[in-house]
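Report on the following structure.
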Amino acid sequence: MGFFLETLFGGLMAGMLYSLIALGFVLIYKASGVFNFAQGSMVLFAALVMARFAEWIPQWLGFDSLFLANLLAFMVAMLAMVIVAWLIERLALRGLVNQEGITLLMATLGIGYFLDGSGQLLFGSGTYKIDIGMPKEPLIVLENMFEGGLLLNLEDLIAALISAVLVVLLTIFFQKTRTGRALRAVADDHQAAQSIGIPLNRIWVVVWAIGGIVALVAGMIWGSKLGVQYSISLVALKAFPVVILGGLTSVPGAILGGLLIGVGEKLSEIYLGPFVGGGIETWFAYVLALAILLFRPQGLFGDKIIDRV
Amino acid sequence: MFYRENGQFKSSYRADTALFPVAQDRWVLLALAGVAFFVVPIVASDYAFRAVIIPFLILSLAAIGLNILVGYCGQISLGTGAFMAVGAYAAYNLQVRIEGMPLLLAVLGGGLCAMVAGVLFGIPSLRIRGLYLAVATLAAQFFVDWFTNRVPWVTNDSSSGSVSVGSLEVAGFAIDTPAQRYLLCLSFVVVFALLAKNLVRGAIGREWMAMRDMDVAASVIGIRPVNAKLTAFAVSSFIVGVAGALWGFVHLGAWEPAAFGLDKSLQLLFMIIIGGLGSIAGSFFGAAFIVMLPLFLNYVPHWLGIAFSTATAAHLEHMIFGALIVFFLIVEPHGLARLWSTARQKLRLWPFPH
Amino acid sequence: MASKNIGDVILDVKSISLRFGGVKALTDISFDVREHEVRAIIGPNGAGKSSMLNCINGVYTPSEGAITFRGQTFSHMNSRQVAEMGIGRTFQNLALFKGMSVIDNIMTGRNLKIKSNILLQALRIGPAQREEFANREKVEHIIDFLEIQAFRKTPVGQLPYGLQKRVDLGRALAMEPQVLLLDEPMAGMNVEEKQDMCRFILDVNEEFGTTIVLIEHDMGVVMDISDRVVVLDYGKKIGDGTPDEVRDNEDVITAYLGTSH
Amino acid sequence: MDTTAPPAPATLLNVNGIEVIYNHVILVLKGVSLQVPEGSIVAILGGNGAGKTTTLRAVSNLLQGERGEVTKGSIELRGERIENLTPADLVKRGVVQVMEGRHCFAHLTIEENLLTGAYTRTSKPEIAANLEKVYTYFPRLKTRRTSQAAYTSGGEQQMCAIGRALMTNPSMVLLDEPSMGLAPQIVEEVFNIVKDLNTREKVTFLLAEQNTNMALKYSDYGYIMESGRVVMDGAAASLANNEDVKEFYLGMGGGERKSFKDAKSYKRRKRWLA
Amino acid sequence: QAAEQFIALLVYRTGQFAPLGIPWADGKQDYLKLVNARDGGVNGVKLTYEECETAYDAAKGVECYERLKSKGSGASGFDPQSTGITFAVTDKAFADKVSIETPGYGLSQSVDGTVFEWNFPLLGTYWTAADVILQDIAKKEKGSLKGKKIGLVYHDSPYGKEPIPLLEKRAAADGFEVVLFPVTPPGVEQKSTWLKIRQQKPDYVLFWSAGVMTPAGIREAQATAFPREKMYAVWWAGSDHDVKDLGISAKGYNAVTIHNSAAKDAVHDALKTMVYDKGQGTGPATSVGTLAHTRGMMISMLQVEAIRAAQEKYGKGKSLTSEQVRWGFENLNLTAERLKALGFGTIMRPVKTSCSNHMGDDWARIVQWDGGKWNITSDWYQSDKTHINPLVKEYAAKYAKEKNITPRTCN
């Protein structure tokens, strides 16, 4: 029982971390109809900037406060992501107005390559550290209730909390603001949106910048867990099933999808894995998502896919 | 000027539906085939065969397969690598498990197995569509990755999970030298490209495209979605599977599951999009572009006499690759094939623009 | 009008109702269509005309009621079956295959007629080849008929709206249907083009005996060429009869025609 | 009909010899010039494929998404060159286009569609008032306000598209086939709205229309296009009396309206430039 | 014109394993630079080299191999830095007559020189690594592994799977249980793996990890309270960069190493004065002396010594063909004195290869991370051949049969 709870809890926490990445996808898809394959690369890029500047700034300025270094580095990274967003709009999206989803998807793959290359070129391809003072040692709780107690991870809890805050903010943004509505319109029909005066260019910069900042938060948390290096761009693969399960257009869906995938993945690996040789969680997540899509082709909370004649 | 259609009237539907209605195209293609079969084997170096031409041919074949599914039938797949893997591993198993299995049969058998897998994984497409389907096809990718890695039977109990094939032989002839391997691949590619071209310009091809463009309307005029989609998955995976088998047998010789990972799937998708969705010729253009570009970028510094460190060069290569992809998509979202036909159209009208 | 020999009921719609959540698109609609006639459906926007066609077509499943076609009764039609039984259709919001050329679009209409299997098609030999040419010939006739020869190889997505409508019609015609359902085929055409289109529809009707069900907002067209008219309003049938009868129906005038007609 | 325009109205829009090419090769407009005076209603007439939509797209700069470009000529709005402005800039200057084929935002409800139209407007009361106005113009929209646009009928979508454009508070509207798919009453209604906005709010209209009858009845001036060129232009009233126009666009060869049934043979389209 | 000898350097400075690949590649190049700068090459034959980036990708690796194999007088040897690429090029090497040196990785059965004429898994294989770890554990467990439960957490790729056959053999013989925990690459998320470990409570965990999987695994071990002292990593997951940023979290983490990591030796000083001080170092000076860098230097040293040995036979001061260099690999004899002279005296122990034994000697020891640096915690071990040798024979025979190779006879 204790172990089951631990697994469940571990799954929920891992799921929250996936959600954090998935959020970036949803945001950009919802607002521009682009499935952003470069999200993982944006996570890497943002984390690299943050890690390197947190290391460099104290050297340059000659101080020694971890908090200050992190704060400044975070701000630099935020700025960097805004610039990246601006460049992406200028150099890529602008020329791709009104193109099909798959073309846009491929373009983001191209952008991803570019970001991978330039990020590592500018900031190095080694492993770098982000230390935001997350507690690493596990807590053991309820020792008298379960044998060996229940393991809890403060680091995970904090990450989950951050995700939750982001979700609330983004939900408000989409539901309550005029820009939010305009973004959904843009995703539906670029040209019609243009025709009524929605400035696609500006909107895209805003959205991609927010997407970049979400990536930065994700990068910070994953980076503090794993160290910052090329592979953290691959955590995006973990977020894909989350996004489609929750629905490409739903912010809360990203969270629920994350939790479901997280839990499903862990439970399957632990209780099913041993029968088939283990290592199943990666595809299990996708199959789980697929199975649910068979019942709801638009994901749990996604906008219904419309086809009418 | 040289490229005039004037005076070439088509007096029958046969002429109009011929593979290459413009005479110049026919000549150019014949010449090309002549060069490919007779000149290239003599002039190309071993390195060119192994590193450039053979991969190009095999990937073109895979791209044709994928193009049928994505470009013609509109079902985006990110799991092509998986079907290549099925083809390769199935062919491998056929060869190691059946004494005296001829290579060609093994390769085609690999294609058939991939076809079965393709249809199986294609079933969700009857319900799931668009980008949802695209992501869902990753299930195939990761499942097959896992399966080939984890089920020892697949690799004939190879402890490391990687397999290797012995010497190749077709009808008693040993296929040893790169030039022979090249001719083998070329033959496969030519045959399948022709068959594929026939399919896509025939009734079944129209069904696929109808499905892609507007499925409700398609069913109203009597096209069965199940049929159209699943045949596309079948034909596509068959070709992809054959390409996979060739990739394993002819190009790699020995491989591990990672050889058919997600990277390969994305690479193939790149090829067909850069080359041109819904275009057989585009598959070739795309494959050429994606195979050559990195090699080319790799050589440029040498030619220019600039010395980059390996890492810098690799990063620059990534950046340029990414940038060029975006650039080409902006210049022509419909791919190199369209660019080519536009250029031809201009040529045709030359010297009178428009 | 009298010269035509209008036959028996070929398509009979019996108390069809259709609901989308709270919206009642159709309520208890019944009408029949006789062989060889031109039957118009008119009504204000959102009355349920297109939905009616969608029910006949098997795109929507009515919540109640049944449809009888040539003596066979269905509570739900399946699109493919409908096509096989010989009902063709054009769409209000252009449902063409955008990426395909005009020829290919119209050729898809003949897909039901193609029998050779996938292997033969891949090799493109013998019967497959012959079949392709035979069908192609039919399609070329339709193209000539519709005067779109110049655009045969153009992807339809690039055609102007009006021509796209013609291609849509061509595709339906290629099916050689017994009943042709036309959803606003003349929207976006000018008078001259409409005249051609009318002539065309009448030719099809007269020469091949094709039964026509027509939705159209141009009253001139409807009144001139149809044999009988059904009028829908808010999902209900408010009139049914010859053009003259309908024109004088009070309900129809208030709901749809307005006083200016 | 009231066509007395104020003396010498300023030219609002001046299109000067533009050429438009799609996909770098398809030349569609071959030198089109037209003027739209401030506060007028100008109609562009012409058969399918004449280039009406393309002309409107060129003005509103929506060509880019179609991979088209203006390669020659100039377009001026109140004397300012606008070829390089974005559509959003143009909306800010009061020019809005109602696109052919509706293009409603499928996933948004009718009301959200309309509100999105007010993206450039900031004053809440103004938006509310505009919304009310659109609902009074099109009561049908009000009853369907909570439906997602994709699930409304063709005509309802058309109303939505027009209403959405009106929400931007335009000073000039480019209307592309506003009557398409609308019931006769609503067509009349739409043209009345046009007239109403024109007289009361001085909104200028440039409309591409196939319903020549209606168009000429309500507009001040007309251009007739054929294969990418303007082949005839003139005051609406004089066009309506032109024999050729009567025969080919009004279906009144010889002054009589002919029954559609009586068109005995297919017409050879009149080639104005032959 | 002076004779030159070409050495192909396959490297991965990008991609998932860049943090390991970079110092490794730097080390390989640095040593060649040192030899050129200090000795003017090998007996006057200048060493030339070219790097080719593989990104740990087998297909790219093959392309690099094809590109470089016939450069100069023929590539002197390939260190693909990857087990996967080794698999892909082994067959080709037979045909092309080029040596593949895979120190501490590669195909474990390629120790058998009678079958694998062209492969040289010098200094150790994954089988010997696993064996040495088991020896160390047995020592801690007072000599016997009986009844123990040993987990293997591994990168699910040819690399990670390589030790399994040996572990299973030894488990059967020594009466312990092996539990396998595959981790799907890249292994960024391992919660379930470590939860399973928490559930099944293995006594020790062998860690065949790579890249990001290493910090992720150690972190998760910490989060599930698995003692790091009971983790034993293979050498590729026991470099400085693997644990540096984890600091105290990784305290107690063990790794097996083919060289005495902690010590710098004369070669490092020489490198500093002859190369780095002249501004010709390949990487940052800080990475000199790290495990991966030193290992790179060792590998180049073996390559250079093979050339030297071959020159003894085929003529000093001459450029050699690939085939000739192979002879050198097969006849390496690095005695303690020789190593000392080369500046590797305290780093590694003597190696001697032969026609039948392409690995040479497989000395290895255990190091432990104390939160700030690696400490040596064991003496030198050599693997116990009673289980390994039959396994090598068995697997090599299988390969020979598949490929129709008639094993050579060694005299």
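All chains are identified by letter, namely A, B, C, D and E, in their written order; residue positions are counted from 1 within each chain.
Everything that follows uses one rule, which is that contacts are C-beta pairs under 8 Å (C-beta built on N, C-alpha and C of every residue); 3 or more make two chains touch, one makes a residue touch a chain.
Please read these numbers as outputs of a predicted model, since none were measured by experiment.
Among the remaining chains, those touching subunit A as well as subunit C are B, D. Ranked by separation of Cα centres from subunit D, the top chain is E.
Separation between the centroids of subunit A and subunit E, computed from CA atoms only, is 36 Å. Computed centre separation for the pair subunit A/subunit D is 44 angstrom, with centres defined by C-alpha atoms. Between the CA-based centres of subunit A and subunit B the separation comes to 32 Å, rounded to the whole angstrom. Touching of two or more other chains is recorded for residues 59, 91-93, 95 of subunit C. In subunit B, the residues touching two or more other chains are 142, 145-146, 149-150, 214, 216-217, 220, 311, 314-315, 318.
The multi-chain contact residues of subunit E, meaning those touching 2 or more other chains, are 13-14, 18, 22, 156, 182, 184. Against subunit D, in their complex, subunit C makes its touches with residues 20, 23, 43-47, 50-51, 92-94, 147, 158-163, 184, 187-196, 198-200, 202, 217-221, 224-225, 256-258, 260-261.
By the touch rule above, subunit E contacts subunit A in their complex via residues 13-16, 18-19, 22, 156, 180-184, 186, 188-189, 191-193, 195-196, 198-199, 211-212, 215-216, 219, 222-225, 241, 244-246, 249. Those residues of subunit E that touch subunit B in the shared complex are 11, 13-14, 18, 22, 25, 51-53, 55, 57-59, 62-63, 66-67, 83-84, 87-88, 90-92, 107, 156-158, 161-162, 164-165, 182, 184-185, 395, 402-404.
Note for the complex: subunit B touches subunit C at residues 13-14, 17, 195-196, 198-199, 202-204, 206-207, 209-210, 212-214, 216-224, 231, 235, 278.
Across the complex, subunit A meets subunit D through its residues 97-98, 178, 181-182, 184-185, 187-201, 249, 303-304, 306, 308.
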